[in-house]
Structure formats: C-alpha cells, structure tokens
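Please read the structure below before turning to the comments.
Letters A, B, C and D mark the chains as written, and numbering starts fresh at 1 in each.
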Amino acid sequence: MPVPAPNLYPDFNTIRLSHVCLNVSDLAASRTFYTDMFGLQVTDTSDSHVYLRALEERGHHSVILQKSDQPGTVEVMGFKTYDEADLDKAEVYFKSKGRPTSWVERPYQGRTLLTSDNMGIPLEFYHKMDRLAPIHQEYARYHGVRPLRIDHFNCFSNNVDESVAFYNDFGFRVTEYTEDEESGKLWAAWMHRKGGVHDMAFTNGKGPRMHHLAFWVANPLHIIDLLDVMATTGYVENIERGPGRHGISNAFFLYILDPDGHRIEIYSSDYQTVDPDHEPLKWDLKDPQRQTLWGAPAPRSWFEHGTEFVGAEVKEPALNATPIIAP
Amino acid sequence: MPVPAPNLYPDFNTIRLSHVCLNVSDLAASRTFYTDMFGLQVTDTSDSHVYLRALEERGHHSVILQKSDQPGTVEVMGFKTYDEADLDKAEVYFKSKGRPTSWVERPYQGRTLLTSDNMGIPLEFYHKMDRLAPIHQEYARYHGVRPLRIDHFNCFSNNVDESVAFYNDFGFRVTEYTEDEESGKLWAAWMHRKGGVHDMAFTNGKGPRMHHLAFWVANPLHIIDLLDVMATTGYVENIERGPGRHGISNAFFLYILDPDGHRIEIYSSDYQTVDPDHEPLKWDLKDPQRQTLWGAPAPRSWFEHGTEFVGAEVKEPALNATPIIAP
Amino acid sequence: MPVPAPNLYPDFNTIRLSHVCLNVSDLAASRTFYTDMFGLQVTDTSDSHVYLRALEERGHHSVILQKSDQPGTVEVMGFKTYDEADLDKAEVYFKSKGRPTSWVERPYQGRTLLTSDNMGIPLEFYHKMDRLAPIHQEYARYHGVRPLRIDHFNCFSNNVDESVAFYNDFGFRVTEYTEDEESGKLWAAWMHRKGGVHDMAFTNGKGPRMHHLAFWVANPLHIIDLLDVMATTGYVENIERGPGRHGISNAFFLYILDPDGHRIEIYSSDYQTVDPDHEPLKWDLKDPQRQTLWGAPAPRSWFEHGTEFVGAEVKEPALNATPIIAP
Amino acid sequence: MPVPAPNLYPDFNTIRLSHVCLNVSDLAASRTFYTDMFGLQVTDTSDSHVYLRALEERGHHSVILQKSDQPGTVEVMGFKTYDEADLDKAEVYFKSKGRPTSWVERPYQGRTLLTSDNMGIPLEFYHKMDRLAPIHQEYARYHGVRPLRIDHFNCFSNNVDESVAFYNDFGFRVTEYTEDEESGKLWAAWMHRKGGVHDMAFTNGKGPRMHHLAFWVANPLHIIDLLDVMATTGYVENIERGPGRHGISNAFFLYILDPDGHRIEIYSSDYQTVDPDHEPLKWDLKDPQRQTLWGAPAPRSWFEHGTEFVGAEVKEPALNATPIIAP
C-alpha cells in the first residue's frame, strides 16, 4: 500500500496554505489579468510588487505578483502556522531533515521561516499576517470568477512517493491518490491540513515545478461566466482545459494560464475531511474518469507544462507511467 | 367563463411589446440605477433623455428615461408591428374604437402612431426602429442583474374584464388569469403576442396605472446577485418583494422600485405559448399559491402602489375583491 | 450574399417544430434512456411505441420511439400549423414544388399531411394534437436534465444553399449562418419560425441525415447534473461533446447519443428573434469561436456521424470545405 | 466587550458537530420527509429508529429519527473528538464543571460519553463511528435539496453570555455575534470547531431549546428546487422563512419545519475560519440586515418556536431585548 498512515501528532501545526509569490514579466499585464479579468482585489502595490487577496480573505495577501527577470518562475509558497511557537518548532524540524532554514523579512508578515521541501520547493512559514477589514459582503466588488479564497497548490514531483512521505511527516494527510498499478507506486496524491481535499498535491512529472495554484469559487456558473469573459476579451488562448468535473476531488474545474504561463485552477465544490480517520480514496492511473468524471481526457500540455521554482533543479521523474492523454 | 376566445385573425399584427418612456426627477440618479446597478446599456443620452437597451436587444431602446416635472409618471408604452402597413391598419382600428390617434415624431423610430387603450393608457405603435450591432456576446458588459430583454408590462385596470376584451380584440391572447369566484369577474389576466406568458397583463385596482415593467434574465442566480448588490450599495429600501416563484407564470421573480417609484420586475423562466390553441390557465383569487407558489403573500404596497400614466384619469376599480395580503 | 431575404408572407403558416419519430432497436432500453435518465415523461405506450413529452409541453408528444427493424433511422419530423386551412395550403404548396404529399393517420393528431423537403427529409404537418393537462408545476416529476420543451432539429444537408432556399420559401427565417469564405457558399444555417434561434438548422455534410434533435433546459446547471448522472450510471460513452458555449446561437450546450446513435443536444439560453427585421449573424467557417466560444473544437464524430431518414438517399456534399476539427 | 478571547489550547479536542437524535411521532412520515422529499440517505432502520446520512458523509449517521412518546423533543446532540484519549479528558473536564457524565452504548459508535452543557443541553462525544463507503459520486442518488453534510446546530439559550463562555472554554471560537447595544450583553453568537462559521450557535430566548439543525448544500438553486417540490407535494405549510441571504454568516438560507416541528435550515455558502486569529464580526441587534441582508425581517415564529431537549428545564431568558420582527 503506497499511502503512509497519517501522522496525527506532527512536530508543529501548519494551519493551511496561505500564499504564493509569482515572478512575472509585465506587472501591469499581470495585474489586469488577476484583477480586472479574474476578480482578485489589490491590497497594496509598488513598482515591483502587487499584493492581492480573494473576496473572503482577511489576511493581507494570497498572491504576490513580483516583477522579475525570471518571469514564469515561482518565488515561494507560503503556509500559516497555528502559533508563533510552531515557527521555532518548524525550524528545528526542517533542520533535522537537512533542509536549509533562514528567517526572512516579508512585508505585512510577522516572523517568517524560509526553507524548502525535499525536492527543493521553496516554502515559507509564518504565523502573523496583517489582517484587513472583511469585504465579502461588499458585493459591488464581485466580478470575474468571484474568487473567494486560495484553495491549494499542485506541484509536479519527480518522485511522488518521496514528496508524500515528506509532507505526511509534518502532518499533511492524504485524501485521494492515484496509483500506477504496474509498479505499485504513487502517480499523484492530494494532501490537506485545513479540512478540505487538499492544501498541497503532487503529480508525477519533471519536478519540482508548480503545476497550478487554485482558487475556490462558490458556484460552477461563475466558471462559465469567466469562460465567456475570457473568450470575448482577448484571453481565449489562455483557456487550457475544462470546464469539467474531476473524478478525483469531485470538483467542478477550469484551468487557465496567466500571461507568464502560471497555471490557475478555478475549483468549485470540495468536501469536508476534518475527521482524523477520513479514509483516502484510491484511483487507478488508467481509469479515464479519474481525470474527468465525464470521460474527456486532459490535453498533453496539462501533463507537461509547469512553472519552475527559483533555485530548484528540475529532474526527470523516477516513474515512467503514462496517463490517458487527449489525442 | 370570463376569458374571451382569442381573436386569431386581428385587424393588424402586433409583434411584441417594445419600450416604455418613464418620467423621472433626477436623470443622473435614474441613469445610475438602471445602468451601474441594474445593468442596462446606454445607447444615447441628452440633457433630457437617456436611451437604454438590454443585452440581447438590437433595437435602439427598450427604456427611455425622460427628465420631467411629472416624475413618477409613465409617458407611453410602445409596441412593434409586423410591417408598415400594420400601422395604417392600426390607425383605422383604434379610430373605429373611438380612440384618439396621431402620428408622432420619435427619435430612432420610423412612423409612429400614438393612441391610447380603452382605459386611457397611452400606447404607441411603430414598425421600424434603428437597429444596433449585437452586444450579447460582449460578456465584459454583463453586470448587475444581466438583463437580456424587456419582457412585459403589467398595469392596474379599474375593470380587468374590459381591458382584456379590448386587447383580445386586436390579437392579444390570454395565457393565465385569476377569477374572483364570487362575482365571476376577472381579477387579473396575462396576455401575449410574442409567444411567452405575456406582453401585457392587468391587475384589478385603481387604474389605469403601471404596476410594473419586467425584464427577462437567464438565471435565478442573477436575481440573487442583484439582491446582494442592492443590499450593500444603498438600495436595500428599493427591494419590495421577493425573491420567489409565482404560481402564475411559474416565474422566479423579484420586484424592486426605481428612484421615482416605478416598479421593475426581474423575471426568469416563462414558457412557450406560440400554439394558437394554447389553453389559458385559471387561478382562484383566494389560492395563496397563485401569488407565490411557496406560500408567502405579497406585501400591501404591491397591491396598492403604481405609477400613473400622463393624461390618464385614475378611477376606483369596479370589482371590490381582496386578495391575500401579508399582515 | 448567400442568405436569401426572408419571405415574410409565406403560402401557409407553420408555427413551430413539433415532434420527431425515432426508430429504435430496443424499446425498453430507449425508454429508460429518455425517461429515467434524461427526464422526459411518458404519455402513452404500446408494444411498438412510446410517446413522450417534455415538462412544459401540453401537446401529446414531442418524441415518439418506434420499435423498428431499421433502428438508428428517423421516421419523420413533425411541424404544427396555425390553423386547419394551412394544411390544405401546405398540400398545394408542396405539390407545386414537386414533392409527394399524402394524408396520413397519426394517433393523437388531427389531419396530418405527409410530404418531404427538397432533399428527401420526411416532414409531416398537422394543426391539432391532443392537449394534455399541464405538468410544469408538478416539480416532483423534475429529474434528469429537466427538459422543458423540444427546441429544434439540425440536419446534415448535401447542399445547404438549396436547403435554406427551400425552407426560406415557406417562411423559415435565417438567424445565423456560416459561410465558406472561399466559395461564398453556405456551410451551415439556422432558421426559425417560433421566434428563437431555430426550429431547423442545416450543416454541410453527407445528407440528408439528422444531425441532432434538441431540448431546451432552463439552466446550465441541469446540464452539469446530467453529465454527473450519465458518468456514474453507465452512460459515460454516450457523452459526445461539451459542455460548452456555442459562438453561434450563444447557447450553453451538451451533445449526447441515445442507444441507437440518435444525437441529442441539450440547449440552454437562446434569444428572441420575433422581429421580422431581425438581421442574421454571419460567421466564418474558419473562426474557431464559431463552434465553441471558448475555443475547443468539436470532435470528428460530431462532423461525420448522423442518423439517416427512412427512404431518403444520402448523397455526398456539394461543398468540400473543412471546419476546424479536434485532433 | 462581550466576546471572550478564544481558548486556543482546550483540555480536549472536539473536531466537529456530528449528529442529532430527534424524537418523532410517526417514523414513516418523518422518514418520507427526510428521505423522499429532503434527500437524506437511509443507512439503517428498525421499528424504532431510522439512521440517516447526507451525501458526502462517510460516518454512519448524522440524523437519527427515534420513535418516541415525547415527539418534538431532541434526545441528544453528538460531537466527534480527535482521538480516544480526548474522550477521557472530556470526562474529566465536564466533571470538573459539575456536569453529569456517563458512558453510554450507541449503535455504530465506539465509546460514547454522555454529558450536558451548563444549560442542560444533552451532549454526547465519541471518537469512532462506523465508516461507510463513499456515495458522493453516485449522482443518481441526488434529489431533494441534495444535502451534502450536517453543518451546525443552533439553540435558544436563556443566557447567551453564559452559553458562549461555557463552549469557549472547551475550544469553540466565536465567528460572529449580535450584541444588545443597550445592555452590552450578547443576544446571539456563532461558534465553530471545524473551520466554518459554526458548529454551534446560540440565540437569546426561552432555553435551552433547539432552534434548528442545518445542512450544507452546494448551490442556492438546490434550495429553490426544494421550495418548488415542497410547494407542490403537500409541504407548503412546512416552509417557514426564506429564501434569503443572512447578514450574519453571509449564507443563503431556507428554514423549514419537519412533521414534529423540528426546524431545519438549509445553508449554502459559509466561509473559512481556520485561522486562530480570525476576528469575530459584531452585529447590532437593531440592524435589520443582520437577519436578512436584503432587508426582510424574520416572522415571529422564528423567534419563538423551538423544540425542547429531553430532560432539560426551559427557563425565561435573562435578556429582554427585542429584535425586528415581521408584522
């Protein structure tokens, strides 16, 4: 059996995924994409950065757009801990795993620990972030796809078994997974902290790379609205896959690409997984309904394209198993 | 039986309701209400008028806001005929009924016949109106309640039997009606030309007055969106009744009031009534599900408030029957 | 310009498409598909036939399933006329066009004229059909995709220009069309009588064959519901294309195949076209958004598969132009 | 300030609300209401009990209907703990608060601790419940309002300040609350464990009594569907309030009554509250949008009717403040 038993008493308490910093080439174009078109809200802006939050979020930012000469890369993925002491415990923990650690200054965040996972994905942990006044009942702000909150990250890993073991060790619990029946190895896995299907997921492929970043929306119709807007405002080429229903996670989904090729999932539905004895669901790599419950396979780009992490070397996957790909 | 047999071969061919001219006190405030908040599109504007269309309409206007020293009155209701010859036939027809007729100049309209119905409601008929480029696939324009087209008028009549007989005579067909079981008289009736539940409806009350003007929207969720926006942008007092499902017409509805008290219905669903042998549905005035399928009665204002027509004397209703009213 | 001017004063008055008779191999399997899964209502049944209506229809049938040794063929397409006299005028009209005509007995229908169009598509016209009690407010019946009414037919024609000219002549009006820019010929056209985008459409291909039969549903979410049900009740292979938004007609669509290969479109949105001066919209065959506003091309089967009409010889198309097809 | 600081390190770890046992007079009638009409799934049944779960739940039951000679009372409210040891800690904890404790046998549950809160509400805690195979992708089962999971309890308390203090002490965190501005006392409060707006809420009134039990649904349209079904299958009188949007919690809601008068809320939306520093939102008792964002006040029954707990004496509320009530 490929999925490790959950570690219900991890060394430190990670509450949830929190934010991502994306390197972009044209700050104005990216801002237009994420705000005017997509519907995120600007919380601060400078010559080099745009800070964004979704409509129900009270933390200062869930996406940071950073002007960069390495556009199309990901600077760091952020997570929130339960308390300040968890940060110190996290430092000890990651050091014990042989990972680099340092304390970094981040605007609007309290003490922030920078480290990386076993594949080299840059991670940062904090407890405090500036809290902003709620805007979820300022309905005049709702437009685009009406994004309510950041939902999860999904990364290519060149060894999903190893990635899952690493995150499992500090308390991420597997909710669903895909096994390559031939090798008995994991092809993909979905892991959570906050009580939904995932905070972090891994997919077999050249890695580490970010596969996508996801936002939660309340209603499939908002996804249809977004498609209509994208299709008629010059973004039709940015639509990659969907809409559809995933077998895995049961979510109604759409995948789009931002101007630098960062992939965004818009994600509706999810289910509750707070029970510590919630059993993971297993899918077979060759089951076509795994990808899309309704049968349509994903395009090749979806299995191959991703955006690299700053400073993380990309390696070929250990597992050479092929999913069903659209012709 | 109170509903007359339909006149399948009327003297002239009215295609559909077309537009209304509303007298308002503050053109800027009304424009904000109908465009920024509600979602209609401006097609022309002057110091005294704002012309508006809904998102799938190609005719120049379906609502005209007219600055007036009689705000809260209705100037005229407009209808489109099948061809130019129908206008001349209509002139003959209304003259034969003893109604005043005149040919009037209307911007963006071709030859326009001004007349009035048996109760004094000012009506105008035209065949040609300037046609505009379609915008129904310019999805970036969609906001507010996403109004697609004008759907119908509803007027208080002081004698619904007489109003129905008058419109029936020139081809309007009853789809549903409410009978006062005691007197055997009509309390309300819905009449169509274009193949839906109604172009024009009448409700017993002090009349003639406009009860409401309705716009068709594709989805009940747009109505929920509008409520959320109105509730949080200073228009909560303009929400009068709903949301709910009418027993009559089976429509999902909401009633709101514009800044001058003109009532607007937002209307979703409807059904097809093009068959000439489509049987009208009868409802009992005392059936609470007639008003709202789910049981909640309408507030008193809904039965009493309306906006008067310019030049039409308002009379007490002939029928003194009381519907169920919210306490 | 390839689209003829509409004939606003045809020889007889066709109100709308009405019904279709489909030949099937296994009456029980087809009944399960159309009722339990899809949501149509049985109005009568025998050893050889099942009569079905959709939820807002009051006519006795809009689909007839007929047990046949030619399963996967279409017996006839039916249309309703405005009055009885129109049937006699239609007989004269079709005879004048050199088409065969006969009066046939059809259960639940009054006098019925059987004829065929210029390509050999069998058509029948009637004025009277048994009317049934309304069920559109019996909400416990709503399931499957909640089909409200039959919306349109779509047929392959081996010469779309000729098909359009033929139907235009008896009053069908073009609302949208696709032109092959090179030859200046029509590649597809949508034509209506009842005031929506179409009662009948034609697509270039081996013809005549039925491309699909469409039902109108109120909400895109019902289409998502149907996909979820089909995907988990053994019908995943019957899903052919979608969901998506058509550029043409602006409809939210899904295409599925019944057990005998008859294609069904589920169709939501449409717009009002009752104005006699409603201008047709032109699309370029090479515009990818014509097919799907969001960019995804249709699969090859969608351009090639259709079901033949009983007694109509299928011919190669005159026009050899290729649309964009999914790889 | 009336809301106590959250206790982030409670003596034992409650994961979430889990289930309720409702006493009913007619087991068959209640079963029909909760399954055929409402959409819950039966997991077991006997002469005296019906066990039910919602569509995404994997625990054996979230509602138990119990035939009783005290129909219209609530037997017990159940909660799940993080592990077995939490049960023993809970026993110590409730004893230390002077509450009665006992270990009870419950079918399908592991060790179960029965106790009661400071007002006498009977509570039970367990860690293990039989887990059933997932059915959330068996879409043919979805009907009624498509309930996905139990969401929260809401109880009348005769002293909301005291109730909030009691639950706060074992880790429930306040997300929103209503203050009586005059007295500075709490009029209502919403408290969670599982990361949403609430697992348990309290409202000022004769207490303790259950105000309602809530189920989470994915889409406001399912609520509209339920209203249509209830209105046309003999349950129109069971509709009490809604649909509407709460100011508090921002949820789209409907309240209905079961055959014994137990109130059920159907609840859509919610937001994520897992952050330990999530700030509670304060509402003024006199703010009409607190109840319903769109302005319509709740009916009197909503403030007065509730169902009693077995063995708990009902007392008059300490606070005599009046909300806005529909006339």
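Note that in this section a contact is a pair of C-beta atoms (placed from the backbone, for glycine too) under 8 Å apart; a residue touches a chain by one contact, two chains touch by 3 or more.
Since we're looking at a predicted model, the values are computed, not measured.
J.: How many hops, at fewest, get you from subunit B to subunit D via touching chains?
T.: Shortest path length, in steps: 1.
J.: If we look at subunit A and subunit D, which chains touch each of them?
T.: B, C
J.: Using only Cα atoms to place each chain's centre, name the chain farthest from subunit C.
T.: Taking each chain's C-alpha mean as its centre, the farthest from subunit C is D.
J.: Whole-Å distance, subunit A centre to subunit C centre, using C-alpha means?
T.: 44
J.: Can you compute the centre-to-centre distance for subunit B and subunit C, using the mean CA position of each chain? Integer Å is fine.
T.: Centre-to-centre distance between subunit B and subunit C: 33 Å.
J.: If you average the CA atoms of subunit A and of subunit B, how many Å lie between those two points?
T.: Each chain's C-alpha centroid was found; their separation is 50 Å.
J.: Using the touch definition from the top, which residues of subunit D touch two or more other chains?
T.: Residues 137, 219-221, 228, 231-232, 293 of subunit D touch two or more partner chains.
J.: Could you pull out which subunit C residues touch subunit D in their complex?
T.: 137-140, 142-143, 219, 221, 225, 228-229, 231-233
J.: Taking the touch rule as given, give the residues of subunit A at its contact with subunit D in the complex, in rising order.
T.: Counting only subunit A, the residues touching subunit D are 8, 15-16, 56, 58-59, 80, 82-83, 128, 131, 134, 136-137, 148-149, 194-195, 218-220, 247, 250, 269, 271-272, 274-279, 281, 293.
J.: Considering only the defined contacts, which subunit D positions touch subunit B in the complex?
T.: Touch list, subunit D to subunit B: 220-221, 224, 227-228, 230-232, 236-237, 239, 243, 245, 252, 289, 293-296, 327.
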